[in-house]
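Letters A, B, C and D mark the chains as written, and numbering starts fresh at 1 in each.
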Amino acid sequence: MKIAMIGLGRMGGNMARRLMEGGHEIVAFDRDADAVAKIVADGAEGAASLDEARGKLGSPAIWWVMLPAGAITEQTIGTIADAAQPGDIVIDGGNSFYKDDIRRAKALAEKQLHYVDVGTSGGVWGRERGYCMMIGGDNETIAHLDPIFETLAPGTGDIVRTPGRIADKVDQRAEKGYIHAGPAGSGHFVKMIHNGIEYGLMQAYAEGFDILKTKSSEILPEDERFDLNLTDIAEVWRRGSVISSWLLDLTAIALAKDEKLDQFSGHVADSGEGQWTIDAAMEEKVPANVLTASLFARYRSRVEHTYGDKVLSAMRFGFGGHVEMPQ
Amino acid sequence: MKIAMIGLGRMGGNMARRLMEGGHEIVAFDRDADAVAKIVADGAEGAASLDEARGKLGSPAIWWVMLPAGAITEQTIGTIADAAQPGDIVIDGGNSFYKDDIRRAKALAEKQLHYVDVGTSGGVWGRERGYCMMIGGDNETIAHLDPIFETLAPGTGDIVRTPGRIADKVDQRAEKGYIHAGPAGSGHFVKMIHNGIEYGLMQAYAEGFDILKTKSSEILPEDERFDLNLTDIAEVWRRGSVISSWLLDLTAIALAKDEKLDQFSGHVADSGEGQWTIDAAMEEKVPANVLTASLFARYRSRVEHTYGDKVLSAMRFGFGGHVEMPQ
Amino acid sequence: MKIAMIGLGRMGGNMARRLMEGGHEIVAFDRDADAVAKIVADGAEGAASLDEARGKLGSPAIWWVMLPAGAITEQTIGTIADAAQPGDIVIDGGNSFYKDDIRRAKALAEKQLHYVDVGTSGGVWGRERGYCMMIGGDNETIAHLDPIFETLAPGTGDIVRTPGRIADKVDQRAEKGYIHAGPAGSGHFVKMIHNGIEYGLMQAYAEGFDILKTKSSEILPEDERFDLNLTDIAEVWRRGSVISSWLLDLTAIALAKDEKLDQFSGHVADSGEGQWTIDAAMEEKVPANVLTASLFARYRSRVEHTYGDKVLSAMRFGFGGHVEMPQ
Amino acid sequence: MKIAMIGLGRMGGNMARRLMEGGHEIVAFDRDADAVAKIVADGAEGAASLDEARGKLGSPAIWWVMLPAGAITEQTIGTIADAAQPGDIVIDGGNSFYKDDIRRAKALAEKQLHYVDVGTSGGVWGRERGYCMMIGGDNETIAHLDPIFETLAPGTGDIVRTPGRIADKVDQRAEKGYIHAGPAGSGHFVKMIHNGIEYGLMQAYAEGFDILKTKSSEILPEDERFDLNLTDIAEVWRRGSVISSWLLDLTAIALAKDEKLDQFSGHVADSGEGQWTIDAAMEEKVPANVLTASLFARYRSRVEHTYGDKVLSAMRFGFGGHVEMPQ
């Protein structure tokens, strides 16, 4: 199929290349002309504007927007809506908030445009391993796009089939690595929860390794310490343990390179999905202590001291005359 | 009554003086001869050793130990046990772990000594306001010590009587500001939970004021900020609001002095009780998310970055190629 | 002054009566004619419609809306905007979301109406003790309303003055029990954080009393139990301890009545402010583990089992063959 | 090698059989004679007592104790110590607390016995997949036992080698699925943290699936729901997503069988390791909000209502006159 890829950053560029390798054609657009030139050299058609891109696409045109969530995505989809023709399909493959998808799908439907939201996981490894995709939109449009999703997805590969999945009940897409989650917005909703879980998993490992690391530190009296090899611990847990996972594989790689992790500042960023997941939990009245604590640990990592800490010290001084000193 | 005060730090010294003001006699001992000299100048008898102290006491002697919890208290009680005579009463007024009390009470009972544990709240304000006390020990001993506790406690004062307390069911001690909680260990157990709650209350205020403070900071776009006066907010909450409390009074005092709280480093110490409270919760299988989060916030306040944060960054680098930069 | 009180529920009715006792005149409106009749009997003028109410007010009219936050408040303010005359003042004394205030203030300003948001704390005790108020709006309007706020507020009373408050720097309003927090929305913002803190304080006490209660239960082996008197513990903590507070006073009252608290189901409701506080924390990137855990504890109290718990059991069955049985 | 397997429950029985399949000889003992008879039928030698077992072992004898942690393990190791001869090796393969290991290793050393603690992960799948093992003990003893561990461990299999592991720096054992973590106690310490992490990972998935599940429930207004297929979501996440893991595989299996998970009561058990992990975190002053919240979620799952919830309701009644009703 022929797809316009709008946004040629790490994610968009890699996906475009995986699509071309899978036999699809790419019309490439990016504000950065160099990025366009590079992928043209790899076999894509370039476009200097969205209008030009439209001219190079058939009908219905497929627009895959792969840009940072927020203003830039919002604005670009607006411009595409102007350049598009009735029946065209607009895909937001970024990390948009699912309520924005619902709103956009309605707005585009008035122009007879189909809106599809695709939440994508796999990071920089997706180009080679394939992308896990969670997709929202109407049935017909998703069915039309199946060849694209099949190319982008990992495919069944050598991952063991889940026992108990019954053939005729199976949504085969799931086993290939993508799902049609429901109407517009549902793709990004599922991806949002995916990222919320991701934060929780990461923090669980982080706390565990922190306790292991500190066990060998001078925080403890010498006779209470163990001199643990965290690199080997991460490695052995990959092999037969209950907590083996891809995130653990990545941890093992990082520790094998430098167990002290000195290249990392300790400031940890968060994107919107973690926060939105907590919003969803609160809308649904679902307790989510772990996902929330994981998000807050990242906030805390980015400030030296909180005003709240000073309030604590001020109270302690108030009742006990304690003056808190740096330690 | 005549009481040996062992340990003349801020707490012990103040309590001894309050006792003397209440008509009791003090035999004072401290490793710091200056501290002894000072309180002798205020009317106490001094003692250069525990044996000498015993000589100045009647029978049963009352030994009030007011020292930091841990080795020094343990050791001192051991020495007192040697100096004491059968029937003597040994009071630990510090912050000992309640299981240590249980053990000690048994050991001292073998020497016919009575052990009493007193958890004390009120901080530096206790000298003037009186000390809130939670007491463990046997009935007879506590009854014998009532005059001492009455002097140390705040008394009924002008605090409004709790509606519904029925006179003949009332433990009058509670209304005077002290209780006999149960056998040895129960006093410190109740005090331990008191401090666990204290951590939780403090952290609740700390987080609230943090959100208020940040609401006026450049973290937010200018049109989303409010320029809030935290000093006035603390003040107004003291007056008729649901969250008025003594800790809020202390916060109001601190903010009135310096709303920025610049004198405080942001490192917040914790003593053993917070941790022991969580231990108790776990022994009892009681979920205690707030008390635990309060304790952990203090741990976190004392380190610049955790190893766990670096593990998070290492994973993020692993799947997304993100390199975390200081912000 | 003359004020229209719109909404005569427990809060609105009590406030209207406190205002009348303070020498103000009330024009009363409620959908429930009985509620109007009752307060008319107490000296208010009744109004059968907002238009009729307007006819009984001077200029600028003061409209105090005291209704549940949400649709009913929104709709009523819309109707008032139609009945009002330029220069009128519309006060929302309920628990509206502060962003709704900001929006409404703008909309009303276009009709030359002044909007004031008043967050109120004090509950059913406010009628007698006075209401703690946090107010948003423009300077001139708040100044005009000062006599009303003075009447509703507790006044300085016998609450000890905060040491360090300097007379000429003092916002005297705070010491009387109300503050002008800033522009429209800021009153409800501060009240929202107040409630967030309230949840945290309550949960801290709840967890502490839970640990105390369980310490005497059969969860523990008999020789590890203490038979604690929670009623006396709450009472003694009111007297000189660091954790004395109004919420503790209320707890002491409840325990004095029935230490088992059997009349309460264990289902705990939450209103919007707790959730909005977490939203604000996330917008500001402020870690708020305690406030969040307090909110989630309430969610959890209202369901028998979570689907998440079943997921845990399903995993445990998956790797360990454990079948979870009710205990 | 020849090994006495003491305890023929699911874990011990499976390990003994895996060892026999790997060419080792087993002397089997269990209080349940039937269990002994069964494994004798599979090729083991049986023993009716520990003394009889010793008679069938060479020197040094290898005793592998595979019993529930606590009194039964403690007592059995004591009995083995009596039956053993100097130089014998006693292995605790259960889930003992690591401080008990340290104590036992010292006690056994006085009898010239070698103590080894083996933390084992893999659950019921270990028989086939192999067991991931974390081992504490002295170098010489562990080296002597290498053939046993190699048999029990998964081996390198087809798990991708961690990039960056340098051959001559590699502890080859880790890549085979077991490590020598350090002296006695360190094996169970690492296993304990493993389980702490496991709780955190599980709770992260549980909360995420809970939010997904509730998104399609009547908790939300109909127009805010998505009708999500959790079975397919779990399946797709196994394929190329950042959160793929073995625990997710198990979740996918459970959901494929019954997405409602109706067979599970919602009561979730916890073993000692989760609690001990929090103890270790507190000893080290490491904040571990996620691991703790995971543990507490399990406590909470096992009670209908907490006394703490009733305390909250009692306070709410106190200030607001709210009476909490079941919903």
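We take it that contacts are C-beta pairs under 8 Å (C-beta built on N, C-alpha and C of every residue); 3 or more make two chains touch, one makes a residue touch a chain.
Predicted model, so just to flag it, every value in this text is computed and none were measured.
Trainee: Name the chain whose C-alpha centroid is farthest from the C-alpha centroid of chain C.
Mentor: D
Trainee: If I rank B-D and A-D by number of C-beta contact pairs, which comes first?
Mentor: The greater number of contacts lies at A-D.
Trainee: Just the number, please: Cα centre separation of chain C and chain D in whole Å.
Mentor: Once rounded, the distance between the two centres reads 47 Å.
Trainee: For chain B and chain D, what's the span in angstrom between their mean Cα positions?
Mentor: Result: the chain centres lie 39 Å from each other.
Trainee: Report, in whole Å, the distance between the mean C-alpha point of chain A and the mean C-alpha point of chain D.
Mentor: About 31 Å, centre to centre.
Trainee: Which positions in chain C touch two or more other chains at once?
Mentor: Within chain C, residues 122-123, 203, 205, 207, 210, 214, 242, 246-247, 253, 285-289, 293, 296-297, 300, 302, 306, 308, 319 contact more than one other chain.
Trainee: Enumerate the contact residues on chain D facing chain B in the complex.
Mentor: So the residues of chain D in touch with chain B come to 242, 275, 278-279, 282, 285-289, 292-293, 295-297, 299-300, 302, 306, 308, 319.
Trainee: Show which residues of chain A lie in contact with chain B when the two form their complex.
Mentor: For chain A paired with chain B, touching residues are 10, 122-125, 202-203, 205-207, 209-210, 213-214, 246-247, 250-251, 253-255, 261, 263-269, 289, 293, 297-298, 300-302, 304-327.
Trainee: Can you list the chain D residues touching chain A in their complex?
Mentor: Those in contact with chain A are residues 121-123, 126, 129-134, 153-154, 156-157, 159-160, 162-166, 171, 173-179, 181-183, 185-186, 189-190, 193-194, 196-201, 203-205, 207-208, 210-212, 214-215, 217, 219-220, 224, 226-229, 231-233, 235-249, 252-253, 256-257, 277, 280-281, 283-291, 293-294, 296-297.
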